[in-house]
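Down below are the structures I want you to see.
Across the two complexes that follow, subunit A remains constant while its partner is subunit B and subsequently subunit C.
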Partner chain A sequence: MSALGGPAQTGGVQPPTTMGLALSIVLIIVALALAFFLVQTAGLIALVGIIVGGVLIAFGVHFVPVGGAPAAMGQAPGIATGVAMLAAGAGLAGLFGGAWAAPFGFAVALAGGAVGGGLLMAITCTMVNVIYVFGMGIPAASGKVAKDPITGDTFPEYKSQGTEGHGLPFISWVGGVIGGALGGLGGTLIYLELLDIYQTQLPVILNATVEQIASVAISLAGIFAVGMFLMNAVLAAYNITGTIEGPHDPKFKRFPRAVIAAATASAVAGIFAIALLELVGVF
Partner chain B sequence: MSVKVEVGAGGIPHNQILIYGLVGSLVLIYLTYLNTITNTQYFSFFGGLAAVAALIWGTDTIKHLCSYGLGTGVPSAGMIALGSGVVAAIFGATTGIFAPIVTIIVAAIIGAVAGLMANHVVRMDIPVMIVSLIELAIVGAMTVLGLTAMACGTFEFLGMITGTVEFLGFTVQTYETSVIGGSIVAVIFMLGAIAIQHSFNACLGPGEKQDRTLMLAAECGFLSMITVAIISFAFIGFLPALVALLISIIGWIYTYVKYIELSKRDAYAWLDAKPILEPKGGA
Partner chain C sequence: MEEIVFGIGITALAGALATVAGAAEDTESDIGSQGDPNSQVQLAPQMGYIHRIFNKAVAGEPPAYGLWVALGAGLAWAFMAMQINPILAIVLGSALAVFVQGVYATTAYLGRTASLAKFGQPVYIDILKSMTTVTMAHAFVAIFTTVAMCHLMIGALGHPFPLPLLGLVWGIALGAAGSATGNPFYGKERQYQEQKFGAGVPISASGNIVRYAEAGQRNSLDNGFFSAKLGGPASGICFGLIVFFELWRTVVFEELSIWGPIIVGIVVILVFAIIDRYIEVWARKNFGPYTAPEEAST
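For the complex of A and B:
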């Protein structure tokens, strides 16, 4: 892009290098072993939950229709902002929903997270289209496919010349909601696993009741969930490099790379989060 | 996004800023330990200054990384920096006096994994990616640790999770009125993230000058410091918090005035807006 070079913008998907794959597998196994060694079975289950959560986030980000700066000018379909911002919005809304529902049990909390994230994306996508159609006066037309896979609407006759499409077609709306739900689900899963660990360990270390340390445990689990969410979302954003229209976009097929990267990054960040309280009082 | 990211040449070499930022933030964070030695809280503001030093370094790193055209927008780099940094900072804080050094090591590990994943699995293939993500994770971690130390007067984990409440004349120890228990760390997370991602995002383009971008980074850092200084009234004594607030405000005014000066230096022309005077006797 600039004179210095830049990421390869080729059409084909470059597979991960052998070194990258080997490193991922080794790091995940080492992290799982460490989790088992430090916190026994509970740690192992928690780290598996964190890895699954990270994978869900990275996979979910690929569904979200990200338009970036061109979308703001009506020259590309999607929501007019970057991947990291959209994923953060959907993920944090999901996390709030899940954290609120945490006392009602594991399944309800996960559902709360998914509904929270999905709802935020549904509202965002709807209002984006309201602004596109009634504010900017542009119809929804995808540039990547000729026909909407769900409604069967055709696009080429509505697409303006010189653009990659514009507006937010129905398939992108559906993708956004699925992406938000998956992101919220993943973020909530990370939060619940960490909360479980801290609520077991903190009362022992601080010699206090579960109620007394509740605020510390919730805050720690929450901030780590946010941190890991953003790490995974940005790795997925790097995988997309720029804009994506949703599940029908050819770029969607790149998701396995982001899934591997997110699993490894979550495993490494997760092991530090799980082992957080091991060193308290040692020094 | 096919937005061309342009950076100005010249200025201080990046490696020099790296050394200043790393050593500077480490020394400044350790200066908050004077609180423990002298049994006062007057040295808390050094934590904020450490964050400013780290932010200046981080902005220069983002400038280096984003000159390759990531395609995801500049803020994503700030998000991954703080996302991986917050895990490292809180993990490091549990190691007592070694906290800043352990934080740097843990942040480097998480950043290296994220960088290796980005280059070898997601295949960004950017030469400076791994080094930049290591640097950014350290910057994010030092920012969180510095601002947290500023808010509660210590960089040790037990100090971050315990606070005191006056109740009927008795001083009671609680976990709820603490920096982590009160979720202040989430506010600090966002204050750091906004400070790190704004400067280069605002200054990039033709005619970008290093001194102007870094001055804006310092200005953003001091602006975050003001907020943290106000927060610190809740956790440290009135006078130490007032000292911190005064230092942040003085720092902010100085950097703001300097930044406006540099902006006028680099601008082609500017208009000093003056109020429109009403003509005498009516129009």
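For the complex of A and C:
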């Protein structure tokens, strides 16, 4: 029985249904086939990149410790905001860094995106503990585990009466940074794949040079990357339902379902992004 | 070398703008109860506690600020394309975005509060008149500084994203940083000021927010006054540090090696890990446990 009066928290792990799995596989295969048919091998590679990016985002969101409204009253551990919102903040900051580093090559841009997302989360999580400790006089305590898996700190005696725990234990801090880094990595990967596609297609369609279409290609790729980031983050947030403490939370085990859903959603949304210019060309 | 010095100057300026933006954002959202503590403002009348707190939470801070900053940035971008001076363009764009925020705040307060009619919670027109303009003023500061910061990133540092897209990205990050840092201070320390200091709010106290001030009933201006002392500045430092380190590692270390910003970023993350762990251990040592150690109940 939890302090919130709900049933014992089993984590609510539900494996994906056979029907859902079959539908997802069919949709992904159809999207990949369409990508190959419309933009040949480059389209296929780009869509695979987008699917991997989407999966990284959805998986990363599960690491981010989010406590929602109860965290704002010191009633539950985590950061006092929404799952999708915080992940989006971190991932988009990563995308900012990744897009900036794009001219230096694929690997540098991806690493730049991951570090950018991780950095936002590192600073935010530290400031959350600063406020809890120096503003409210409350030490960090997890409600889901008795001991921090990294530091070995015990929590039950540091949990104030009538609450589920509070603050950000170190394992949640680490989870936040990993989540931000995975989000930044995924968002940047989607951006780079789309940028590559648009930079190849736009000069042909508009009969212009790569330099002339650069701003259009960057804007389009950026907007689609932001859109797909939000889509995958929200999908993962639905899977989490409310709050999560990080990788040590039983809810973390739910991630396979979100990963499959994100792969399918990214494939379907990705085919529209990749074939956008083909569709524009038709009209 | 000169380029790096110029870059560092711009980085410092962008960091300073971000700090002001974070502080204004958190104070604005606390006056409007837009962060997560809105749940308690909404819950209170349902538990029989009628109050005079403003509540405009129909969207989380990150998407709301994503909208307003992207709107301000988009309009500023359009004005700049019309050859209007950038400073004037940013002021005009931010002012127009603030009108959208004002409409949002008004309809959100009326809608949220009217939904509590069956619990006897009145819609106070004087609250609407006096609070909305204050949130608009704070929102203007937050939007203007963020758009100005985005303009610097493009104009002086050469980021490839167009201004509206950068506005969306940093608007969402601003809301995320502000709500993460400022919400607990407003929620626990202000709404539940009567509860014990140094402990979380017991779940049984939910909805019993403080409704009376030194003189008369408490309103959201009192809450803004309170959170501007710590929650706002802390949010400002949080967002300022994010923007500063994000720019600084690229501006300074990209010249040395293309991997420089990444290595420095990882080092900064590790430094923050040490700071966080130090704070956590410091709190455990100085505050001590609430009860004697025992086995976990779960």
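Basically, the second predicted complex is superposed on the first by the 270 of 283 C-alpha atoms of A that agree within 3 Å, B and C clash if a C-alpha of one lies under 4 Å from a C-alpha of the other, contacts with A are read in each partner's own complex, and residues count from 1 in each chain.
Keep this in mind: contacts are C-beta pairs under 8 Å (C-beta built on N, C-alpha and C of every residue); 3 or more make two chains touch, one makes a residue touch a chain.
Predicted model only: the values in this text are computed from it and were never measured.
Chemist: Please determine, from the superposition on subunit A, whether subunit B and subunit C clash or fit.
Modeler: Subunit B and subunit C clash in the superposed model.
Chemist: Is the number of subunit A residues in contact higher for subunit B or for subunit C?
Modeler: The larger set of subunit A residues in touch belongs to C.
Chemist: Give one of first, second, both or neither to describe whether A:Gly222 is in contact with subunit B, with subunit C, with both, or with none.
Modeler: Both subunit B and subunit C are touched by A:Gly222.
Chemist: Would you sort A:Ala90 into first (subunit B), second (subunit C), both or neither based on which partner it touches?
Modeler: second
Chemist: Looking at A:Gly242, would you say it contacts subunit B, subunit C, both, or neither? Reply first, second, both or neither.
Modeler: first
Chemist: Which partner does A:Val130 reach: the first (subunit B), the second (subunit C), both, or neither?
Modeler: In the superposed model, A:Val130 contacts subunit C only, not subunit B.
Chemist: Go through the superposed model and pick first if A:Gly68 touches only subunit B, second if only subunit C, both, or neither.
Modeler: both
Chemist: Does the superposition put A:Gly82 against subunit B (first), subunit C (second), both, or neither?
Modeler: A:Gly82: touches subunit B and subunit C.
Chemist: Stretches 9-17, 117-125, 189-197 or 261-269 of subunit C: which one clashes with subunit B?
Modeler: 117-125
Chemist: Find the residues of subunit A that appear in the contact set with subunit B and again in the contact set with subunit C.
Modeler: Looking at subunit A, the two contact sets intersect at 2, 4-5, 8, 68-70, 82, 85, 88, 215, 218-219, 222-223, 226.
Chemist: Enumerate the contact residues on subunit A facing subunit B in the complex.
Modeler: By the definition above, subunit A touches subunit B via 1-2, 4-8, 14-17, 19-21, 23-24, 27, 68-70, 82-85, 88, 206, 208, 212-213, 215-216, 218-220, 222-224, 226-231, 233-235, 237-243, 257-258, 260-261, 264-265, 268-269, 272-273, 275-277, 279-283.
Chemist: Quick one: which bits of subunit C touch subunit A in the complex? Just the residue numbers, please.
Modeler: Touching subunit A: residues 35-40, 60-63, 159-162, 165-166, 168-170, 172-173, 175-177, 179-189, 191-192, 197-206, 230-231, 234-235, 237-238, 241-242, 245-246, 249-250, 258-259, 261-262, 265-266, 268-269, 272-273, 275-277, 279-280, 282-284, 287, 289-298 of subunit C.
Chemist: Which residues of subunit B touch subunit A in their complex?
Modeler: Residues 1-6, 67-73, 75-77, 79-80, 82-88, 90-91, 94-98, 106, 109-110, 113-114, 116-127, 157-158, 161, 174-176, 178, 180-183, 185-186, 189 of subunit B touch subunit A in their complex.
Chemist: Note which residues of subunit A are touching subunit C in the complex, please.
Modeler: Touching subunit C from subunit A are residues 2-5, 8-9, 68-75, 79-82, 85-86, 88-90, 92-93, 95-97, 99-102, 104-105, 108, 111-112, 115-116, 118-120, 122-140, 143-146, 151, 153-170, 173-174, 177, 214-215, 218-219, 222-223, 226.
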